[in-house]
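Both complexes shown next keep chain A, but they swap its partner, so chain B is in the first and chain C is in the second.
Now for the complex of A and B:
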């Protein structure tokens, strides 16, 4: 197993620059997820690590060795593709054995390795079938089987669950996390689904427009998003961003007036702000409480999920506002509610979208 | 449902098919009828569709009139098979390269290939004759095989290229990540998946080779025992008379192998020509 270091990777397709100077240090046995909206460059970055694309500039180190110019197989990586990329004319056994046949491994050893992989992935009784006879989840497992027989140093996954239905995706998430523990391997996983990122990752790389917005543990991203983009990307439902004006600010806090006039004192390091600045207050739906002074919200749609009730409403100026309240909260669609939030649960973003560090939130390292 | 038709529409469709088939098959039918008639009845006036003296005599006599007829039929098949085999040897790697690799002048050369298809061999007969004479290939099987291969390669590349391009790129990338070379991937992954396409292209090339051999045979070959069937049929034209009934019989027997191949492979042809057109 090995570390994976990216040193100022850039990539251009013609005049279009898709990756801007990306540097990451991924540790041995770490499960790192690249997440971001489509077109953010996450798949391109993965393909550069795999050796399927060449970086325009920068270096890739695997296990401390520079592999920037090496073909994929010499990098010690293996990759699971979004479409599984199984060979439809070969049996499950031959699909899993493919990389070993390429290496011309002796039959006995090959058989042993294929059987072990099939055992780990519960495919032992499916080895004679063709991929077309398998369900989506089983196909996914065959693709993973093909990637583990070679004992690579780094596993790469390119949106492997995006072709599965929601229930199966949940199961496969758990299986992949278990597999990671079982194989004790370094894994890099690309997805656009922040739930997959939050649930599986040791650390998450949030990419936006070809740049790393933030690289940290899931809870670090949740509690201390560095930018407005990360804040609204991580967390479900998305964070509300309410426009506000700074009334007073210093290094220990900022007094802001929300849209609608309510004033709050937020415990953030606001030394850079001054009175009159336009800012945005980030409020996570799950931190919103009912009947607490704050905002008047018109309830447009109410979703009762049982344990929680999700309110989709609008503020006085028409901006959308979402709140996640207890399941039996007394609310009615078409009505209006007073919703507030504890100041220490709020995030504050300056006009450029950067966060002001919260001083009272849990420190995560 | 798209395939629901009213009775009237069905009748219309069948009438259209019948008219089309009549045009296509009437010559074959007339060939068959002519082959059954005794020679002296062929020019009877008025035209008599049915007569009592139909016989398969011509099918027996033709082997006597033209003793090398069997050889000509075998030559035809041999030349077509050789052309097909050699063409495929060139077409497979070339089509793969055009489908997957980037190289300078790719589109221009593809366009030139298409342009070559517009020339019939006839335009190039004299230069070809000189080339074959310089190479010492006149009056050999090669004289009929080499030009055939040359003229069929462009068609083959165009047909197979579009088929190979439909094979998902990720399959090849997966093989590449697992350490497989291009050639190994071509052999183990791409070609097995391209079998229907390979059959389509082979059949198209075979038919093309069968059809075009006449021209090359009568220009580049003087040796009787090397002639393919279309050229051999000339021997039914004698000094005194033309034994049309035997010529028709020989032509039908000669076309038979191609028709049989078509019948056996037609399901691949249909599947291959429309593969990937719809999501399966």
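Now for the complex of A and C:
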């Protein structure tokens, strides 16, 4: 296994620049997830690592070795595709053995490696079947099996769960996490699903518009998002961003007036702010509490999920507001509700969208 | 339970919706097509079979039993025609498939201007066959043809060479023209099949270290194999029955060198007014093509099982 370093990777398709000077250092045996909205460049970055696309500039180092100009097979990587890319005319055995046949490995060693991969992935009794006879999850496992047999330094996954239904996706998430522990391998995983990113990653790279917004552990991204984009992208339901005006600010905190006139003192490093500045207060739906001074919210839609009730409402100026309340909260659609939040749970973003570091948030190791 | 109730409801709705019994309604729906097939396929076929047992000409018909078939069975010339027809078919179809595969692979490659090449491959298929063949007649002409001229210019021949005047060169010239006409269709079908192969398969193989030839052999060919087999049969039937090309170029000559079964049948039935003998030949063609189709279906089934994805 190996480290993976990206040094100032840029990529343009004609005049369109899709990746801007991306540098990342991925540790040995780390599970790193690239996450971001469609078109953010995450799959392009993965394909550049794989050698399927050429970077316009920059270097790729795997295990300390520059592989920027090397073909995929010499990079020590293997890749699992979104569509699984299984050969429909070949049996499960032949699909898994494909890379070994290319390498012209002796039959005995090939058998041994295929059987080992099939054992890990519980495919031993499926080896004679063809991909068309397998379920989505089994096909996914065959694709992973084809990666495993090559003993790569780095595993690359391009949205491998996006073709599965929700229940199977959940199961496969767990299986992939277990597989990571079992193989003790460096893995890079691309997804647009922040739940996959949060649940599987050691560290997450949040990409937006071809740039790295933030690279950190899931909880770091959750508690200390560096930008408004990361704050609203990580967390389910999405964070509310409520416009506010700075009343007073110093290094220990900022007093802000929310829409509707409610004032709060937020414990953030607000040295750069001054009275009258326009800011946005980030409030996670799960931190909202009922009947606490704060905002008057008109309840448009109420989703009762049993343990929680999700309120989709609007503020007085029409801006949307979402709250996650206890399952038995007394609320009704069409009515209104007073919702508030503890100041230390709030995030504060300046006019440029950058966060002001919270001074009372949990420290992340 | 739910299914039973559902079925009952469907039955009830059907009963209410129509006064015509379901089976009769089905027959009514296929009646126009059946009538059409009866008139243009079944009746002529039955009439041909009937005629093959007759000595029929402009003067009338006389029942001769199997005599027409016995004559064919003992005719050395007819045997040569059958062998020649199969040789013509296998050679031409083989060339069409190989050239079609090469052409489709090149047209599928990411090369600049490939859209233009895709259009340029069409003319032999698109222009009327008679016009194309007349073009080839001139190309093969010994005195005015560019081929003979070029051969003289580079010193291959001392004087004009009439391609269609010699038995062997006439046969292969007709094959070349038939391949020229038939290859574009094969190429385009192969190209369509190749474009249907998911790009991911090639990328996955590339990541695993498979080279171009390996990817072609292990991915492209198996993926398009059902189309290759289908095109082989279609092309074989077209080539077996190919009439215009040979007729325009040589009319089956010189000395029968390009006479295939279909030309022989036409000459016998239409040129010599021996309808009974011609009909016997036509029946033999139908039987041969029938056997050929059965063999094809057997292989297609095998190919689909071998190269299919295993989906039920």
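Everything that follows uses one rule, which is that the second predicted complex is superposed on the first by the 365 of 365 C-alpha atoms of A that agree within 3 Å, B and C clash if a C-alpha of one lies under 4 Å from a C-alpha of the other, contacts with A are read in each partner's own complex, and residues count from 1 in each chain.
FYI, a contact is a pair of C-beta atoms (placed from the backbone, for glycine too) under 8 Å apart; a residue touches a chain by one contact, two chains touch by 3 or more.
Just so you know, these numbers come straight off a predicted model, no measurement behind them.
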Chain C versus chain B on the shared chain A, clash or fit after superposition: clash
Which superposed partner A:270 touches (first chain B, second chain C, both, neither): neither
Partner chain(s) touched by A:129 [first = chain B, second = chain C, both, neither]: second
Partner chain(s) touched by A:105 [first = chain B, second = chain C, both, neither]: neither
Touched partner set for A:78, first chain B, second chain C, both or neither: both
First, second, both or neither for A:51, with chain B first and chain C second: both
Chain C-contacting residues of chain A that also contact chain B: 50-52, 71-73, 77-79, 81-83, 85, 87-89, 98-99, 102-103, 146, 150
In the complex, chain A residues that touch chain C: 50-52, 71-73, 77-79, 81-83, 85, 87-90, 98-99, 102-103, 129-133, 146, 150
Contact set on chain B toward chain A in their complex: 168, 170-171, 173-180, 184, 188-189, 192-193
Chain A to chain B touching residues, read off their complex: 50-52, 71-73, 77-79, 81-83, 85, 87-89, 98-99, 101-103, 146, 150
Contact set on chain C toward chain A in their complex: 198, 200-201, 203-210, 214, 218-219, 222-223, 225, 306-312
